[in-house]
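Heads up, there are several structures right after this.
Each of the two complexes below includes subunit A, the first together with subunit B, the second together with subunit C.
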Partner chain A sequence: MTTRTTLKRSFYQDSVALMGLARELRTGAGVGEAAALMGTPANLALMADAGLLTDEARAAGPNDLVIVVRADSAAEAEAALARAESLLTARRVRVEASGRRCPRTLDSAVRQLQGANVALISVPGAFAAAEARKALRRGLHVMLFSDNVTLEDETALKRLAVERGLLLMGPDCGTAYLGGVPLGFANAVPRGRIGLVAASGTGLQQVVTLLAAAGEGVSQAIGVGGRDMSGPVGAAMTLAALDALGADPATELIVVVGKPPAPAVRATVEARLRALGKPAVVAMLGREIATGSVGPLTTVVTLEDAAAAAVARRAGRAFEPHAFSNVATARHRVKEYRATRGPGAAAVRGLYAGGTLAYEALLILEPLLGAGAVGGNLGGHGGGPHRVLDLGADEYTVGRAHPMLDAALRVEEIERAAKEPDTAVLLVDVVLGHGAAPDPAGDIAPALEAARRGRRGLAVVASVIGTAADPQGLAAQRARLEAAGAWVLPSNAQAARAAACIAGEAPVVEMLLGGRA
Partner chain B sequence: MIAAKVRVQAVGAHLAGRFGTAASLPGQPHSVFEHAINFIGPDGMLLALHGPEPLAAPFAMALPTWDQDLSAGDLILDLEGARRVDLAIRPAAERDGTAGDLLDEALARSASAPLAPGLDTAAGRAARSAMSLAIRRRDAAGFLEAARGLVGLGEGLTPAGDDYLVGALAALHRLGEGWPTGEAPLRDALIAHACRATPMVSAAFLCYAVAGQFSEPLRDLAMADTVAAGRAAATTLARMGATSGADTLAGVRETLAALATARG
Partner chain C sequence: MADYRDLFARLGSEIHVVNLGLERFAETLEALGVPVLHVQWTPPAGGDPERARLLSLLEDDD
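This part shows the complex of A and B:
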């Protein structure tokens, strides 16, 4: 191991920038640890505790930025420091090659790009609502990536948007496709005839990637924010987005993704969908939702079913949900896993990066493993023995990047779960696309491999949310997980069912796969 | 180069006292951020310029808009019509804990935001515990020792430990607990340590805090006369910086808790 340091005298960056820089450096080849801190005595002591304090760092003063990298080799450490330099330079260089200045305010951005009609806002705290209001008043649709916007601000902003005939997508809107342009965390999917309205980022990603796999494409996908269908907000943006898709000649079928709305809101949304006259699929993930069709509306219970129902509808076929794409393979693998399961090992540990994917897994596991048997941090009915964790939830991301960007927390949880003697299955998701980590499967694969090596019979079940055109490559990411011993299923829903079959009682297997366990 | 004249919307009363109706600034800023620029003023002291109110620092001036490219060229600040804002936190008239209860309730009704990682390190937790203990015992020397553990700890230009300490000082000022900063040797030791051990911008916050001067949202929170006003100020404060506001609120909260324990 080698530790290398860069010292930048009187160099100032805010904490978000420095935390992001350190995180980015940790993803470098051979890099074991990295820190980017002002050189105060207290921070130098922290570095000493972490074994990162070098002679160069000791020379830092409180107004100096210290960047330290520990790597397997000197070359890898130097490469990481060179990367740090280029990242810092990229932030500071504000003049583009064309000579045009990068805008620092919304006003100057609008002046520079005449005709722009969407503002993507990702700023912290109070600035988010204020900037969104400013953009709406300028006549711009808004994708509000920021979170921590109060319900009062959200309601007021959406009221303003409706008054002005604009969309306010968010807050906490992570994914959208407008006019063929992916925004935020988005997979590379083809353009097509299906329009989507979603109150869930990773839920939307699962549906559009499965649509892409089936040869269908997206006309528009409009995020509305997780609270849009709550009583106070009253689906203000869902209704506006539906109207937009209803009027869009490129959209022939509409898919709505979210959690169950307030009853009155649900009735309003369904009435609006019927009034549009276009076929629609509604996937509201909730315990009381059942599959069915009434007129142009098909209601489904999983994200995979939403995609499958949309594809069937477009092809003029009846939609028939299925538990597994390949029942014979699933039966064979489940039988194998159950035969080698360790004594006393009968619990599922769902360790998720995607919040909606975790919630979907919980909804699938609960009826299969028993009411009250699935705990976690998603409002599950029970305290165990099974557990589903949304590792992107606030309580896990204090001072850390989201697990879709930084796998460190998930690696810790994998290691912890692998040590628990009752763990039978590790259930994980891997989300690809623009904005996600460069190699998310590679980030967790070593931990999964080590878990399997350390525990005979431990099953790893995974799904990869992505497309062949994603920067990370779907096939390569699947292969990386399979090389680590994971069983990779085509969807999160199938992965959750597979986990239930491995860990659950024999009747679960009979119900989902037929035959004997 | 012709100096640009910039109208100032608001300025802290204490800071305004250093200038007349106008001030000129050199072209080279000390540090530039998305929503603020720091300069070394003509008197060698730090001066921050940012967009519209509230004033984010006791050494800040708020401008009516944030469209100007202020990072280049000489500036003349026009203070003629600027609102003078009293940023002092003064002790509550009642010394029976009523002000603390009101603050406590306002904070209890505000959403808590994630803290910076620095405050949750072993060193950060130890310094916070030591600070609580010193406040419970009204132990000035212990307070200074705990403050030394916090100053400069954590990420960014105003390290989390400093933000926390500013919050603690705000609560102490409001509740009339003058003992940590009332004695010159201890106060001077704290200021001297801040100037040595944390970035200049953060040291400026601490020096003003020792003197009872704070940002406008923190002043609004501490001086609120209703729970609703306190809650509104806490919400504004929580949104400041990446985690600065949340770290400051943590300092206020934990200090109130320690004082409540001390009161029994």
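This part shows the complex of A and C:
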């Protein structure tokens, strides 16, 4: 094995572009491992962990690009580095040939783009607040996709936005639709009469895709960031978005997706919702939430129920929540899985790319499997045996791409969970849409197949968050998972319930599916 | 406190996006026919977050 390094001084590239480059290099003949990263301290630490921190790499600064290749021979390592060079050159030539203008600062972009009204900011978190502040001062609405922005910065940015009547969506805002334009990670959904306010990206994606499946479309969808309804932020953007949607003639019904607000802001948000004069559905992802309808307001606890309640309300029907769309199929499959479950295999392993989808699964599993029985990295009450992991959480994404873009980490976790003798069910989400990986189901399917081959009776339960109009195609992605042996359900909530039925005690099955387990 | 009730009227019928960071987002918008300009952004202050923060605070409030 030989390791070779290229260091390109002052050569900034974004993390997604670099992930694509590294992936390409790994396919080279004789290449064992390849890394292409900016030389930030966090990235250098990652390279050290991977045994790729060469002396040349150690000398890199945050704005220097480091490419390290480990290969069977020196010639193969050199060839891979030459390939990296030609890919980077090709990229530059392509941009130049397109005749596209390439401003280097936000200011010059605003001068060049007539009518600029939105800034989409996804620079590394440590630099994001400063760019957002500049954009607001230039009169632009901001979608702040970046995470790792401090609460202090968020509060100050939202105060500035409110002074100027602008939107500050985020931080960590994954998805929004303004005037029919999908921003960030967003599914291809039709325009329609439902306006949304969401503190969560994948939560919003689940709701709009289920609305689309039921023939309903989106007027506007505003992301507010996960901390908007906390005490310090005081729901600044939620209230702004509600005022805007309340007055919008294209919006006939409003859906709010979030966690329970801080006690201090709860009353304000509820009063504003009631004063809108439009029907509203609130998906409150939390424990011990009182569901039901009071006046124009319906409260539900899952993302699927939010979509279903909105559809029912628009159709003038009463909303009836259900555990499964197709009870007969569910009963049949659960029975089959329970009959073949290996001895001692009784645990659910939720391995998620979508943070809110993971949290929703946790909230569904806890009461079914026992509050103390579900662990993971989401503040679950218990230490196991069941586990739900949000693999997009900060601790997993420092220096590497989000699992919605790069499946490498999830593949590792699938392999790990499949080796644990008590694993009964692998529970996964697959998120489609603009911005997401080109074939997310295909990225994890081989690992799922291998897991099932290696362990008789291991169940794989999945849901696909997407629409037929998404670039990846909903039907094709579902089919890919089914070909790998997965049971694919219409929503994440149903997938979580299915997992609980397979791994849980008999009364869980009786409660959700009726009859005897 | 500003009034948000006219937000979507102010936003107008066309969204024009300045994109900073992941170029993929600009490519998506371009493919959808949305006016977008991608900034060839590089971390300011040589990539030192603390120095960059201090620099941004020194900037004029337009």
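Going forward, the second predicted complex is superposed on the first by the 418 of 517 C-alpha atoms of A that agree within 3 Å, B and C clash if a C-alpha of one lies under 4 Å from a C-alpha of the other, contacts with A are read in each partner's own complex, and residues count from 1 in each chain.
Here, a contact is a pair of C-beta atoms (placed from the backbone, for glycine too) under 8 Å apart; a residue touches a chain by one contact, two chains touch by 3 or more.
It should be emphasised that the depicted structure is a prediction, and the values quoted were computed from it without experimental measurement.
Applying the stated contact rule after C-alpha superposition, one finds that A:L37 touches subunit B and leaves subunit C untouched.
When the two complexes are overlaid on their common chain A, residue A:T105 makes contact with subunit B and with subunit C alike. In the superposition on chain A, contact of A:M19 is made with subunit B only, not with subunit C.
Using the contact criterion defined above for the overlaid structures, shared-chain residue A:N148 touches subunit B, although it does not reach subunit C. When both complexes are overlaid on chain A, the residue A:T2 reaches neither subunit B nor subunit C. When the two complexes are overlaid, the chain among subunit B and subunit C that reaches more residues of subunit A is C.
In the superposed pair of complexes, A:F127 makes contact with subunit B and with subunit C alike. In the overlay built on the shared chain, the residue A:A45 is in contact with subunit B alone; subunit C does not reach it.
Look at A:P62: by the touch rule set out above, it reaches both subunit B and subunit C.
Overlap of the subunit B and subunit C contact sets on subunit A: residues 12, 14-16, 38, 40, 62-63, 101, 104-105, 123-124, 126-127. On the subunit B side of its complex with subunit A, the touching residues are 30-35, 66-67, 69, 113-118, 120-123, 149-157, 159-161, 196-201, 203, 235-236, 238-245.
Interface residues of subunit A, counted against subunit B in their complex, comprise 12-16, 18-19, 37-38, 40-43, 45-46, 49, 62-63, 101, 104-105, 107-108, 123-127, 148, 150, 394, 397-400. Of all the residues in subunit A, the ones that touch subunit C in their complex are 10, 12, 14-17, 38, 40, 61-63, 100-106, 109-110, 112-124, 126-127, 129-131, 133-135, 137-138, 140-141, 145-146, 162-167, 178-179, 181-184, 220, 240-241, 243-244, 246-248, 250, 434-435.
The touching residues of subunit C, counted against subunit A in their complex, run 1-8, 10-26, 28-29, 32, 34-44, 46-49, 52-53, 55-56, 59, 61-62.
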